[in-house]
Every structure is written in structure tokens, then in C-alpha cells.
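Encoded as C-alpha cells, here's the structure I'll be asking about.
Think of it as A, B, C, D, E and F in the order they're written, each chain with its own count starting at 1.
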Amino acid sequence: MVEILNIFIMLMLVITALAMVSSRHLFVTVMLSGIFSLLIAASFLLLDAADVALTEAAVGAGISTVLFLGALALMDVEETTRGVRRIRMVSLIVVAVTTIFIVHATFYMPAFGDINAPIHQHVAPWYIQHVPIHMDIPNIVTGILGSYRGYDTLGEVFVVFTAGIGVLSILGDPIKNRQHRPAHNRGLRHYLIPRLVGRMLIPFIILFGLYVQFHGEYSPGGGFQAGALVAAAIILYALLEGEDKALQVIPMRVLYIMMASGALLYGGVGVAALLMGGNFLDYSVLASTPVAGQQWGILLIEMGVGLTVTGVLITIFHAFAARSNL
Amino acid sequence: MIIQVVAFALIVTMMLGLVRAIKGPKVYDRVLAVNMMGTKTVLLLAVLAFIDDRPDYLDLALAYALINFIGVFAVLEFFRTRESQLVIAETDDTGEASDEAPGNEGGK
Amino acid sequence: MNLIEHLPVLQVILPLLSAPFCILMRGHMLAWAIAVVASGAAFAVSLSAASIVADGATLTYAVGGWAAPYGIALEVDAFSALMTMIISGASLLALIAGMASIRQQLPEEKQSLFFAAWLLAMAGLLGISVAADAFNIFVFMEISSLASYVIIAAGPHRKALGAVFKYLAMGTIGATFYLIGVGLIYLMTGTLNLDDIALRVANVSDPHPVLLAAGFITIGLALKAAVFPLHVWMPAAYNYAPHVVSAFIAACATKVSLYVLFRFDFTVFQPNLSGHEFQFGHFMMPLALIGILFGAIVAALAKDLKRLLAWSSVSQIGYIVLGASMTSEAGMTSAIIHMFNHALAKGGGFLIAMGAALYYTTTRFSNLAGLGKEHPWLSGAFVVIGCSLIGVPGTAGFISKWMLVNAALEQGGLGIFIIAVVVFSSLLAVIYVWKVVELFYFEPRPEGASSNAVVVKTPEKLLFMMVVMLVAAANVWFGIFPGEPLALASQAASMLTGGAL
Amino acid sequence: MLWVELYHYWVFAILLMIGLFGVIAKRNLVKKLVGLSLFQSAVFLFYITMGKVDGGTAPIVGMTDSTDVFSNPLPQVLILTAIVVGISTTALGLSIVVRIKEAYGSIEEDVIHEKDRAE
Amino acid sequence: MEPWIPFQYIPLIPLLGVIAILLGARISDNVREAATLVTALLTAAAVWGLAPAVMAGQRFEWVLLEQVVPGIPLAMQLEPLGAMFAMLAGSLWVVNSVYSIGYMRGNKEKHQTRFYVFFAVSIAAALAVAFAGNVFTLFLFYECLTLSTYPLVSHKGDAKTIKSARIYLGVLISTSICLFLPAVIWAHSVSNGAFTPGGVMSEVLSGPAVGLMLGLFVFGIGKAAVMPVHRWLPAAMVAPTPVSALLHAVAVVKAGVFSITKIVIYLFGFEFLFSQESVSWMLFAAMTTIVLSSLVALRQTNLKRMLAYSTIGQLSYVVLAVSVLTPLAEVGAALHMVAHAFGKITLFFAAGAIYVASKKTELPQLAGIGRRMPWTATAFTIGALSMIGVPPTGGFVSKWYILAGSFQSDNYMAIATLILSTGLTAMYFLPVVYSMWFGREVDGPMSDHREAPLPIVIALMTTAALTILFFFFHGPVKAMESQVLLGAL
Amino acid sequence: MDVATTLGWLAAILMLIGAFFTFVGGLGALRMPDFYTRMHAASLTDSAGPIFILIGLMLISETWLVAIKVFTILVFLLITGPTASNALASASLLAGNKPGLANDQSEAE
């Protein structure tokens, strides 16, 4: 049954992707990419990847759509030139050849879902077996993410951090940019009902975000998803009430501090472990028992992730909005 | 068994929505289709939670519902700032001239 | 707490964790100071690590205390020690020398962000160099790439934006190709740790997916390393980046991708793909040869100093790939030592371009004439560094060419052809370097040429000249006493080719 | 039924190639970025696909019986990181596009080339 | 019998002199020139200090760096041939310095400090070439010499000069990279490349490979100006005359033929080469160069260009002498290096003196100049006679030995070439000498001029005297060269 | 029939009704002639479908917690769906997009 659903979703994915690339209207492309994200997230869920599905939905359908629209508000939504024929031919050939190679190799790959594939035999069973022992949390993904591969996640946080300061550096400080524009931005004031409903929902979204943050060890979720949700709530506020108000609620200074302190909190936990005699990011030494130490460590670093992601996403939104007057 | 039928109906409806989203012809049609597909996805997730007997998937459904909502607002805001674009947006993918309406970049 | 034990991770987290402090600082001097201190610390760490691993030892580190295939391991051996030295050294010197140039090219409010991104770029490159985990390499590759885009986009010319966008698109394709390759390997072996992969890939019954993985990883990394003909993003990016960024990035960024490429193609895939090094060699060698000549020819036609240096990089990367594509220990040694020597020469070259721009605002040839008379030390340093680029005896560049030709001699008839190409491209190098030398010394300063866009403070100028002289001297020093880097390089080469041959 | 076992990989290949085509062949910078994110999504799908185990369930212990078969959690962890990387790249790319639009008045590569050449 | 300063430190003297010159230039021009002179004298003294030890048959080895590139040391050695070259370069530098001071001042050249600095660096490089202990070291310092003479050649800095300097650098660098370097690598890959009496190649190389490697060396050492790699020499005529003198008589071209000689004797071993059919082409290359360059010289109307082509021919005498491969001819080669150095430097000094005093550069303008500049004309005459090989000049001695060596191996081709080229040399030098003394004066750039400045006259008379003295006192050189052969045989 | 079975049947019927509404809504969104009519079809069933389906799901929930979660989703959908539709329609109207049937000029499709 699930298999059939999956086939349908895959079919829709391919159709959507084709439409995205072939449509000449950029707004359409962005809308379709939102649909694509929803579909692929559903597909992830069908493939048992709950955390990934949540992330993809928050990022792909939420944040990424908002960002694309923010950028599109500044530019022509029509694609005015067709690609050069020669380039299109070359691309087609490149693409075709690569596809043939991949498809050819698939015939020698382990079958889909085969439990005897090497991938399910070597490292993964160890994780499934040891997460309950080492850190005693139900969500294995969180366990791996936070501890076994915590160093990757540290890198991930710094990728987000880099994106934040990168957008700031490229687009400039939102506050300075706003000063050059007339203060006409009032948000969606003349849409009365949406505004009321939206305002009502904001606290719930933040609450839900916090739930995702602190319940991430037990159910799908974690710092990143929570950060995206909270940031989405603030973005919603900015959309409804206008940029300036949002910047009054959370000023840029605070955002800077959020971005930096999240990353530093994560790194700090690692360094603290190092100072307390363990290796970098070895949470076992943080508390009296290794298991408690692991739990504390994961909780702290997830908070770091959440802080940075929230700060960065809001900052990026402001940076775009200040330019495009979204 | 019934629940699988529901899931199937949802998937088929999503396909109908997808066709509408691709066909347009107006941007509003597409936004409508996206919104519709969002709702259907939420339902699908909820149904899946029961099919797989994994109630924690319901959290996901909730998150989807919230995010879908925000997406629609972003689109509305986009319309507001780009009223000049709306006229153009009525055309389909053939792309008419893009300076039909006088630019009103600043909004109101 | 034994610090020696923690060297591999300190190498990465020192600059990484300094970056957030940078953006919290108001005022660029503080941010600059943090960046310099962090680079200096990283350099010190890399030196001490290098001294430990020079005799063939390997420092391993289990992050989080989890042993290798389950947790993420870091490994510092001779090869990575050499890379970390190049990266942190280049960053330190460029930062010290570039103070005035940064003031000239960047608005004050962006500077703290700039330094943070700089540190992240360096930390990313360092992270790749010490990583022993295929996916971890990807993560740090992205940190370094994103940060590089940011610091390149800080260039004042609008063309910098177009260049960065191209770099971003191609860089992301490259990284994603790499990710696909890693996925395929993971699918076939079930592990991500490099050593573990090498161990388990031998048991994979069917080589097709591994071969596909090798193809994706090779192409992806070649894209990031700007190997001809995938170099199209590089010249513009180097050319329009802020001068100080060009000096830093040109010295190390592409080399780190080559480092990963060599790691994979020479150790990870060897146990399964019989004759893989042969395929690698025959795939890469023609590209390297064409790239060497093409880059040098375009460089000889350039009308801008930075453009010239950037195209010369296309050619010089060809030398590195050529050395590796011989798939012999001697060839590998020449490739690795050329990474070091080219970093010295090219970093120095861009530093000089930076100095020229500091005095004369642009690096266009029409505006640089007569530099030799007004700034004799600067142009003198260029002559030395240019000689190193050509490969004149007594400079670092010569050592690598010598090793390369020696390695080619082992190849028999093909070797003669390789030598002919190397020799010819050296002549082209003479042409493009000498064009600049003559410009500096013999052409009169044009009427009304712009100069001194920014007031260069004396301490800044002193620091700058000190660094330039140091780099020029290093080019000569390592041409006469190449002992230490050569020892590391041959150690690394024997390690890389040991598994294959 | 070979195709049932492998069609996931084929979908991955097709999506990958649609995305790659978008990046290489399209001249509009936003379109290129969309292609890029499509390209990355395809890889995400590939990783998640290979982590699936027949009859498995999401790797969250405790909610269900402990006898359950779990799908492979490691690819999911990797893709969580990769998604974040993807959105970061997209954000950065978009900000560059915005600046390009301001500097050149267009986001079409051909127009930008022409303006560069005219300089 | 230890020399008063170890030979390996001698190249450092001019380098230290560079610092002295730079510092001196800050004080005044006089101090700077004094520094040059003192350095030159010190160098000469140091080089001559080696003579007793060398004559006594002592040899020194010294390794600067165990591995400059893997497996190859940076080694220095002292043996008679190198000592002779070092002595030649060191002592002529003194004379040349005196001359330079007069010339540069008389001509009011710019950038004099740069000139003196690079002059000293070139001498240091030449000395290092002289003391090279293996092929690689030789190559290294050979390249240094090329680069350090570039600023001297391009000294004037105008468009024509730059073009010529480009040819100079282009030919020398491309030959050395394309031919010399591969040969060096080849030599090192088959042997240790160290210079050993009797050669090291006889055991590792045979057949056509010998000829190929020798060819790479002979044409790769572009400084020896064997046709067709001679183009740089006439081009380098744009340099100030002291530089031309240095290039053509002392450091550069002599470094070329010295390198060839040293490689033939110490790397191949000429006995070994004598047994190889495949090296006979070298003789023909040298003969062709001699004859062709003389013919070209006949057609020149510019004095310095004529001298340049003469140099090409004279250098090939040395190559010819080497390729005759008999002991007597080898002695002749060494003698000719010295004799030609004295004669040619005299000629260039004279040409420079004429330019400084009268700005004349073309042959027809020289008519009757002997009456205004008797000393210069006398010196020029002596130099010209030495080039032709008329006794009692040094040129006669060396040609005599080369001829004798050719008879030793019944090499009639070589004998014929020598006789023919003597005739040709006479044909282009004698008319000039005749017109200088007896021709009717024509209008030149300066109608009324006198003898050149005193330092110039002193310098050129010194070298002219040396040319004649060498006829009578060539014993030491012969003795030293015999030692080389003793070791080689 | 015990309570659970009854609830099961009830839930099945409710869910089938919901699925039907949903499908019809999708069909309407595809086949209706102009934007406002399409919107009418879609937004009505966007409320009706979830109500039936989610109530059905609540009935077969094993624990109260699950039922509450489903209920929360329902509430959210009921709040956000009409709001979004309202906003969309007013945006379309504000942009000067007249209902096609009112002006008796059907839209080209």
C-alpha cells in the first residue's frame, strides 16, 4: 500500500520538477518548488525519515519559499531569454550521459529496502543497539546527530552561521538599508481577518517550536526544526505588522548575539568536555554518569543549534526584506 | 482498509491540484492549488500516522499546517509589494510584455 | 590535559570558534586582531603537528570519544600537516599584510563580518585537511565554500558578484557530486570513515557502483579544484575578489580539493578497482597537459596583473595534477611539493598585486608601468616570486619542476613528451612573468595615472613590506633548502602510493 | 520485478538530471538557483531511499514495540545536515542575485555578459 | 699549502661587496666606486691565492648542501680548469672596474649603483660556476649568471634595448630549460653527475646516446654561442661597453665554453669521447660556426657587432679545440680561453673608449682616429693581431697549440678550418686597423675630440700589455692545463 | 457490536465522506471555469474534507493524547484554511480581478 502511495508521489515529484524547470514564469517556479518540497517531505516520511520530513517541510515549503519570494519582489518574474541552443544541446548531452551511467550502475546496487545490504549491516545496527545504552533517548537520529556525529552537526551550525553573516555582508545591515526607504511598510494591515488570525497563531507556533526543541529527543524534531519554526513565527509577525515592528521586538543586536551565542554554546560544550578531561564534544564527562552527561550535552547543543538557526533565519529574512521592502 | 482508501483519495486529489498548479492560468490559481495541496498533505500525514501506527507523525502534520499558512501569507505580501506584477501574472507561461502596468514598486 | 593529544581538533576549532567573537566585536581593529591571533594559533598548531608527523607518524583523534567507524575521527599525517601549514600560514600572512588593503576596499561596517567569514573559510579548509570521514569532509567543504563566496563577493567591483555566482553554482554542483559519490560508497560499504571504507571496499563484489562513485567524486572535486576544463569559475573569482582574499584563496583553496581528490583516488578506491590508478592517470593526464598550456597562453595574453596570476594558476594546477597522474611515488612527491611551492609563489604574487593596487588603485597593466622606479622593493620581490613561478633554479618553483621532470623520466617515451610540454609551458611562464618585469622597470609612469587612493599608514606599510619580503625570501629559502617540506611531501607520497603500487 | 526494486534510484537519477539541466542550461540566475536546489533535493532523496528497510519504521524507539525493525538512521542524520547546507547555499545565492539585479538591472546571464563587455 | 681563504668562500666576496656598494652609494659615488675596486682587488687576490695550492696538485671538495634536490648535493670543487677560469674572471674584473669607472662617468650613465651591484653579482655567479662540483651545481649557477646579467644588458632601458635584452634572455633561458636542464637531469639519472677526472659516463652510456647527450649540453649551454644559438650575442651589444667586455671576454661567454670544456673533460672524459663515432658532429658544428661567423663579421659596418661575430667565431675555436679530443688541443683550448679573453677585452675597451671620446660606433667613421687617440688605436691593433693570431700576441700561442693538436690526430678538416678562418679574420680586422691609422678623417658625431679618460686608457693598455705578455709567459696556464690532462688520462 | 467496533464503522463512514469531499473539491478546482468558482470548490471542501477525515481519525485513536493532537490539527486547519482563502480572494479582487461569471465573460482556459 505504502509502496503504491510512494509511486504516485514519485510520479508527482518528477512532473513537478519538469514543470519547475520548464516554466518561464519565476513566480510559478517558486510556487511549484513549494509543492515539490511538500511532496518530497511526504516521500521522506513514507521512507521512515520523520526528522528529515519535518526539516524539509520547514525549510523547503516555509523558509525557502519566503526567501525566494523576497528576492523575486525585486526583479522581473519573467525569464526573458532562452538559453543558447548550443549550450542547451551540450547540457542535454551531459545530462543524458550521466543519467545513463547512473541507471546502468543501479542494476548492480542492492535492491531497495534489502535488509542484507551492507549499508544495513555495518555501522547502523551498532547505533540502533547503542543509543539506548549510551544516552538512553528514544530518538536514535537525535542521538547520532547530537553525539556520535556531533562534530558534523557543529559544522552544520557553522554553515548556517556562515550563511547568516554572508547574507548580512552581501546585502548589508537591514537597519541601514531601511533608513534609505520611505516608511510606508505597514504589513498586511488591510487584510483584517488574516491579520487577526495570524496574530492569534503566533504564540502557538512559538510554543510548538519550543515543544519541537525540547521534545526532540523523544519524537521527530530538534534544534534546527525548532529554530525554523520559531523563525517562521517571527517572520509571520513581520509580515503582518511590518518590518519595523518586528525589528523593535527583536532588534538586530539581539539577532547578532543569538547567532553568535548559539554557535558558541555548541562549541563551548565541546570545549568544556575537553577541559573536563574528555575529548572534544565528549559529553560523558559533563555529568556524574556518562548517560546523564550525554543527555545534558545533547540538550545543550540542541539549544545552541536552535538559537543560531532562529537568529540566522530571521536575520536573513530582514536582510532581504530591507532591500525588497517585502 | 478504509484508511488506505482515504490516503489514496488524498493522493489523487493532490494530483488534480498539481495539474491545476501547473496549468494556472493565473497566479491566484496556482496559489490556490498550492494551498490546497498543503492541506491535503497535512491530511495525508495524519492518515499515514494511523496507517504506520506512529502517532508521533502527527507532530509533523501540525508543523505542516502552520508552515503552509505562513507560506500563503508570504505570497500575499509578495502580491502587495508587486501589484504591478499582478497584471502580468495573469498571462500564462507564454510571457507577455512585462511593463504593461505602471510600476508601483513602493506599494501603498 | 595533554594538549598534544588534542592537536587535530584544536587545529579546527581555534579559528572556528573565534569567528562568532569577530561579529560581536564593534570596530574592525579588534576583529582583525582576533583573526590574526586565531590564524597564528592555527599556524602554531599546524607546525607542532607537522613536527610530530614528519617521521611518518599519524595523529588520530576521536571526536566525542567515539571510536572510528561509529564516531568521527580526525587524522593528521604528513600530507594533512603540509596542507594545514599552507592554509594557516597563508591566512596569517595575508591578514597581516592586508590591513591597508582591507581598509581600502571594504566599508568599515562590513569588516567585522568579513573577518568572521575569513576565519570560517580558513577553519573549513583546515577541517577538510584533518578530516578522516567522508561526510565530515563535505560539511567542512561547505563551510569553506560558503565563507569563500562571502569574502570574494566583498570585492568592490560589480563583476565580483557575477564571478561569485558562477563560483557558487559550480562549487555547489561539485560538492553535490562529491556527496553523490560518498552516498554510493556508503551504499556499498556501509561506512563513512575513510580507512574503514578502504578496508571494506575490497569486499564489494561488484565494482560498477564503486566506479560510478569514483567518477562522481573525481569530477566533483576536480570542479572545486578548477582542473582544466572545469576551471571556468576560477579566473574571474580570483580576479575580482578583494586583493587580500585573492592572496589567501589562491594559495590554498583549490589545493585542498586536490588533497581530498588524491586521498580518495589513491587510497580509498585502490583496494577494489583494479588498475584504477591507471585509469585515473589516463583520464587526468591529457587534461593536465592541455590545462598547463592553455592557462599559460591565456596568462601571457592578459592585460591585468591579477588576471595574469589567476590564469597562471590554471596552468600551475595542471602541474599538480600532472604529477599525480603519473601515479608513481616520484610523481606524487612532485605534485605535493608543488602544492607547497605554488602556494608560496602564487600567494606572494597576489600580495604584490595587492601592494600595487594599494599604491596605484588598480592592477591593470596600463596603470602599473614604472612601479619599479617608485617602489623598488615591491617590484624586486615580484622578480623573485616571478622566477619561482617560472621555476628558475634557486627558487622554490624550481624544486617542484625538477621533481616533476625527474618523475616524468621514469615514464619512458611518454615522459619525453611530458617534459617537452613542461619545458614549453615554462617558456610561456618566462613570457608572462617577464612582460610584467619589463613593465615595472622599463616603461615610464603614464601621464595622469591614478595613484594612492588611500593613505597608507606607516605601520601598515611596514607590516605589508615585511610580509612581502618574507614571502620572497621564503621562495628563495625553500629553493635552496627544501628539506622540510620535501620530507613531508615524500612521506605523504609514499603513504598515498604505497597502497596502490 | 526488477523495476520495483530499483525505481527509486531511477527517480533520483531523473530528478538529479532535471536539476542539473536547470543549472547548466538556464540563463536566468533565479532559475539556476531553483535548479540547484532541485539537484540537491534529488541527492537527499537518494540518501533517504538507501536507508529504507523493508518493513522498517522510523528509528524512534519506545513509541512502539521494541521488536520493530528500524530503518537506517545514519542517512537521515547526514541528510538533515545536507538540507541545512542546501538552504544556506540558496540563501547566499539569492542574496548575490539581489545584488546583481541592483548592479546590472537584470538577472539574465546574457544581459549581464553584454553589460560587462560594454564596459 | 692552504690558500689564504678557502675557495668555497670566494664567491661570497663579491656578494659582500654588493652590500658595501649599496652602503657606499648612500655616502657618495666615490665611496661606491672605491668599494667596487676594493672588492675586485680582494677577489682577485683571493683567486690568485688559490694558484700555489692548485699548481701543487691539491684538490678540494666541499659540500654546501647534502640534498638540494633529493639525491643531489650542492657541491663545490677546486680543480685546475676552474681555478684558471676563476683567476681569469677575478683579475679581469679589476681591470674592468677601473675601465667601468671611467666609462660610466665619462658617459654620465644613469643607475650606476644598479650597474655596479649586478656586475658584482654576475662575477659571484661566474666564480661559483668555476667552482661547481657537479653538473647540477653548474647548472644552478649558470642560470644565476644569466639572470644577473639581464639588468646589465638592459641597462639603457629604451625600447630597442628592451627588445634586444628580451632576445638575450629568451635565447639563453630557452636553451637552458629546453636542452641543458634535460641533459642535466639525464646525466644525474644515469650517474651521480659529479665532476670526476677521466669522466663518469664511459660505463653508463654508449652509442648514439652519447652524441645526443653531448648535443644537449653543447647547444643547451647557449652562452658558448655555437650556431644556431648565437643570436643573443649580437643582440647583447646594446649593453654598455664594460658589460659587453664582461659578457664577451670574461664572464658569460667564457662561462659557456668553460662549462662545455669541463663537461667534456670531467663528465664524459675525452678519451671516452674519442672512441665514440657519434660525437664527430661537434667538430662540424664548431667548424661551421667559425667560418660562417667570420663571413658575417666581414659584412658588418658596426664596430661592436663586428666584434660580436668575431667572438662567436673565437668561441668556437675553443669548442673545436675540445672536439679535436687530443691532449695538445685541450691545452690549446684552455690557452685560447685566456688569450681570447685578453684580446677581446682589449678590443671592447678600445671600442668603448672611442664611443666615450667621440660617440662613434660605425666602422667607416673610424678612419684616421689613430691620430687623435693613439693609445686606443695601439691597443685595438694589438687586440686585432691577437684575434688573427699573429706573433707576438697571445692569440698566436693558443692557435699554435690547437693546430698542433689537430696534427696530432691528423684532423685535416680542423687544420683547414683554422687556416681559412685566420685568413677571414685578417680580412675583416686589417682594413679597420689600416683605416684607423692611415685613413682620412671623416665627419663624425663629434668633430673635435681627444683621447678617452685616463682610467679607460689605463685599463685598455693593461689588457693590451697582458695580450702581449701572454705570448711570452703562458707557461703557468699550460702547466695547470697539463695537470687537468694528467688527471684525465 | 461493542463500542470499539461501532466507533470503527462510524469512523470509516466519516472518513469515506471526507475522502469523497476532498476528491470532489480537487475535481472542482480542476474543472471549474474561472478562479473564483475554482476557489469556491476548493475552499469549501478544504474545510469539509478535514472535518470528516480528522473526526474519523479521532474516533479510532488509541489514546487521548493522540485524539487531542488530531483535534489540534483540525482546529488549525479550520482556522488557517478559510483565512488563507479569504486573503487570497480579497487579494485577487483588490488586484482588479473580476469574477468571470459576474461579467459574463468566461476565462480562456
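The rule is simple: a contact is a pair of C-beta atoms (placed from the backbone, for glycine too) under 8 Å apart; a residue touches a chain by one contact, two chains touch by 3 or more.
The structure displayed is predicted, hence computed values, not measured ones.
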Chain-touch separation of subunit B and subunit E, in steps, is 3
Determine the set of chains touching subunit A that also touch subunit F.
B
Is the C-beta contact count larger for A-B or for B-F?
A-B
Round to the nearest whole Å and give the separation of the Cα centres of subunit A and subunit E.
75
Please report how many Å separate the Cα centroid of subunit D from that of subunit E, as a whole number.
70
Averaging over Cα atoms per chain, report the distance between subunit A and subunit C in Å.
31
Determine the centre-to-centre distance between subunit A and subunit D, using the mean Cα coordinates as centres, and give it in whole Å.
12
Residue numbers of subunit D (touch at least two other chains):
16, 20, 50, 57-58, 60, 63, 74-75, 78, 81, 85, 88-89, 92, 96-97, 99
Quick one: which residues in subunit F touch 2 or more of the other chains?
76, 80, 83-84, 87, 91
Counting only residues that touch at least two other chains, what does the list for subunit A look like?
50, 70, 72, 76, 79-80, 102, 107, 109, 117, 119-120, 123-124, 127, 149, 152, 155-156, 159, 162-163, 166, 170, 188, 191, 194, 198, 201, 204, 218-220, 324
Pairs of chains that touch, anyone?
A-B, A-C, A-D, A-F, B-D, B-F, C-D, C-E
Touching residues on subunit A, where the partner in the complex is subunit F
188, 191, 193-194, 197-198, 200-201, 204
Using the touch definition up top, name the residues of subunit C that touch subunit A in the complex.
1, 6, 9, 13, 16-17, 19-21, 23-24, 61-66, 69-72, 109-110, 113-114, 116-117, 120, 123, 127, 133, 135-136, 139-140, 142-143, 146-147, 149-150, 153-154, 184, 186-192, 200, 204, 206, 208-209, 211-212, 215
In their shared complex, at which residues does subunit E touch subunit C?
65, 67-70, 74, 139-140, 143-144, 147, 154, 157, 162, 166, 169-170, 173-174, 177-178, 181-182, 185-186, 189
Help me check something: in the complex, which residues belonging to subunit C touch subunit E?
387, 392-394, 399, 402-403, 405-406, 409, 419, 423, 426-427, 430, 434, 438, 441-442, 480-483, 486, 490
In the complex, go through subunit A and note every residue touching subunit D.
3, 7, 10, 13-14, 17-18, 20-21, 26, 29-30, 33, 36-37, 40, 43-44, 47-52, 55-56, 59-60, 63-64, 67-68, 70-72, 74-76, 79-84, 87-88, 90-92, 94-96, 98-99, 102-103, 106-107, 109, 111-115, 117, 119-120, 123-124, 127-128, 131-132, 138-141, 144-145, 149, 152-153, 155-156, 159-160, 162-163, 166-167, 170-171, 218-220, 224, 309, 316, 319-320, 323-324
